[in-house]
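In this document, chain identifiers A, B, C and D correspond to the written order of the chains, with residue numbering beginning at 1 in each.
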């Protein structure tokens, strides 16, 4: 059950209702909308209490058909805007479109710095790079770990780009916080790793939640609800292709659910066409189509020399390709009245030579 | 094996090679490119003959990795342009974008005529409408049959729009020809109905080949190859969503393969977001995304009063929604240097009152 | 709506109810149970008529949750037994288990005769063989057509085995009837070829309806309902593997639905592990598992020299492997109180040398 | 690359080869076969070293087509037998068949003890029960945690049954070890939680690795390889249904791959029909079919009062149903020359009243 208060209701009213719910042995989770208080009661209300509360003039009771609550569209007047890199960081959602670009894996201090400069120059606002890599085979390259986080962050600082990196285990969280990784990515394989979700929710920084390979939209939004129920208020969803019978492409990008997501949740949604396609040369049209379908951003793999990349080489874009995608995206978002987010801060060092 | 002749080679050279192939007991199928002769030898060449032919100065032998031949991209210098409604009909492909719109089922002379006028006014160039409806249940409405064809064609003539309608059985072909249905649609369930494919291939009119619900791209292109091998030179592919585990939408639109299709075949590809989504209100962003991803056209279900439609009511657009999609499509195709096809002919009657 | 009459009710009562339904403009389809009359009213009953009929003492009204009617389990007291090869033919269903075996394609008079002798000797009761082969590529071997039917039937007659063969088009039906093909197989690709279903339903012989590659159980049973509504009273379902993301095997055998099918329909169900597995050496355990899960029979591809088979070589069993499967099946069906059907008639010729 | 030594080769030879590999900067992982030494070199061998080693008379080099190594069938002369509950515990694999039964969730000391007695009486050898429950919704019951482990173990000790329980996070491992949980289950959602796999591999006790909902067999065996490469030598695979388009059942049990698994890996495979079916009444035939298809065991959910179960109520068997399945399994395994594993130890207390 969702309890929506009238806009501008006095905070004491909310507190009072909260106490009544708690007195009845119920949880009351505070919604994320700053302009209008809302409470979520996961267990639902007993009939008498429901009747009582319905009589409150400042209160509306909403029982959504869908099983998610805190991430439900009904909880907010307007879509959420998530800022990555602090209060003046890069905005995603609510009409602001941002692009996350960078190498699949961080592969050395100089390499990631160069990649960052090219990504920034091409127009991307956020830098990605994997330091901890989930790999199907135990014998594949698994990333540089903490050292990779340091290299990624240094490159982000040098280019004025907040950084995004995948976290695979709660025990690595202190390292992500120490290196001030601006956005914690939950990979597709970990979408339902509920202990990891609870851990990152406590880190007070944005989380990028990738959709599991065979996760329904319902399971995905309930994974986001796990984050929200554990206190995370800055969640970005990331569609990255689902597993189907078709083997011509690595996965099948599910753009069909994109417009539905905007009805079902206030969370912003970015699309990662790189992992869906698995083939670099077909990524540009898919990136454009994702924006046209309503994506609030893109996540793109870029590499200066894909032929030597240590992972996902086949799907890495060249910087020039990224720049062309950015130019297209700039036009497409203008067409529907949105805008590319400005960069978080000016680049603070010259590109490496 | 594909034998590509030099541009402008004398027809006698092609005839000579054809005879040599036939003398060796091989089939030689003529390719569709008018500017450059090509022969397809489905069985492949014995080594000696291959060596002999490779020595011909005007001839290049190509063995594509993919199993399709006549519809292979390598067979043509430029993508195919299919014209629906005769030589001056509506062009699809090669930079020309066209939209097929109309009701799921033809539901009466007046109803389809009104729908046609609205579709034409909204900017669609082609009129669709089902007279023979494949229905999962034997007890559902199956269309008006031949009478429906007559009503559809009359509406098309009145509005200057070539018409597209699904054919379910070879025995109905004479009726489709008698009523001059301009484009024969093969439905998703019949994509591998090989006797039907062979029959419609002989009708000398364009065929719209929908992708089967669980057909791989390879199976789909081989179904097109069935048409081509049986003599059909005007094939339009239609992606309409594939069956996946996700149940939030009726099907999952597979835009991921769209850019690959343009590498693999010279055939134009239209996208039907209506059947993929199954929900009218999410169709506009999917229609736009399809065009941005490179679709050569759209197939859209439209109904004046969806609430009384006899089939697929939930996914029918209103005329105003169609008009807005057309406006968006006009801009999007201009952005990448394409154009909307002009209408086949001026509307030749006033709209019904 | 289903109207179940009391056992032994006078036929005049049924006729009377039928007339009242028809007078109300409703269809009344007679159910297949000989011991107890039943009527199916596809459109449902208007409330007053329903109330009236509910008052009849000999009548029970049943509104099943599922959308199928004539093939619904509720329509019969006991599961259907289908006899292939006439009234004294091979029984499938209701505790009788039968095995259909033979080559994928009929490849010549002598070859199919030898195969038939081996299949018969191994213990199979029914002979299969494709004369019309649906092939993904137009350039693949498509079977010997009518000549193949003649060869198959001759082999069946010589060995005392009724024969099963796939029909791909209604126009071939006279040839199937002329050659007295005992059971008409509808292939997976044609499961929703509704004109073909209507045509074979009129042939007054058993139909083997394969499940489509991506057909839900509901779609499959409604395809069977298409047959039943068109007058076919002898339908055998055939599960042959569904298309999933897994590529280790050709398809994924869906045994999970087998026990549900026996709750949902009175029709017998055979399983074809050959097409599901695509690998001969893993077929025996799958064949056994199918029987244990409740299959009423098996369809198995067998070839004397798989290495020269013109289609599906990789999944063809050798006669000795078939014999071992038959021995296992004999024990497994005995365990749960069922029995292998006896052969239709004694083999009437010596095996060829 | 796999290096297989001759049976009975002196350990010093193995040591010598290991040192040569390490000197070349290569890893050399020791295989699990006690009767015959084997080394896995994940990175492969440089050509000269390969040539040198090929010349060794006691050594055979094997390069399997499949990407897994330590769990590869080629690594062992005979299939692995995993013992749960110590060296005299319950055997799974190599002809020994065992059944894991118990409630979905541990729901109190008395409830699990009663369930254990009934499971034991019905013939199951191993007791399962969830203390940490992964739940799609954050608001669902998540299990009693450590207290649940204590209750489960107590019930196992009282009934002489080793216990199996799911571990969701590495940080819970000490609790599982403290309570001496005999077998650590990795759930489907965590199949590729690689940090969890590495952690449990170090616990020196058997691991039950469930297949991910959309995991290919290759991904599943590579997840097992993650365990093996991290030192785990007692791995049992568990097929539990994959996600497909079919919604009639909760999942689709993939028995088709079972015979392939026995070719591809030496690990035993148990099947969990409860989660695949999701409907209790269709579990018995699926359980039987799993054994007939070659499963080395079953995992079954059982509850004394399914109507009050706190999770997965719809798929819980009653004790009597379990007993009937056990009776059937006993016969079926005898048919193919296998046997039910004996219980680990006599039940050491009277059943609770």
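The criterion applied here is as follows: a contact is a pair of C-beta atoms (placed from the backbone, for glycine too) under 8 Å apart; a residue touches a chain by one contact, two chains touch by 3 or more.
These numbers come from a predicted model, not from an experiment.
Chemist: Of the pairs A-C and C-D, which shows more C-beta pairs in contact?
Modeler: It is C-D, judged by the count of C-beta pairs in contact.
Chemist: Which chain's C-alpha centroid is most distant from that of subunit C?
Modeler: The most distant chain relative to subunit C turns out to be A.
Chemist: So what's the Cα centroid distance for subunit A and subunit D, whole Å?
Modeler: 35
Chemist: Could you please state the distance in Å, as a whole number, between where the Cα atoms of subunit C are centred and where those of subunit D are centred?
Modeler: 38
Chemist: Round to the nearest whole Å and give the separation of the Cα centres of subunit A and subunit C.
Modeler: For subunit A versus subunit C, the centre distance works out to 51 Å.
Chemist: For subunit A, give me the residues that contact two or more of the other chains.
Modeler: In subunit A, the residues touching two or more other chains are 214, 218, 243-245, 247.
Chemist: Quick one: which bits of subunit A touch subunit D in the complex? Just the residue numbers, please.
Modeler: 42-43, 67, 69, 134-139, 168-171, 189-190, 192-196, 213-214, 218-219, 222, 225-226, 229-230, 243
Chemist: Quick check on the complex: what are the subunit D residues that touch subunit B?
Modeler: Residues 214, 243-245, 247 of subunit D touch subunit B in their complex.
Chemist: Name, in rising order, each residue of subunit B that touches subunit A in their complex.
Modeler: Against subunit A, the touching part of subunit B is residues 214, 216-218, 241-242, 244-249, 251-260, 276-277, 279, 281-282, 285-286, 288-294, 328, 331-332, 335.
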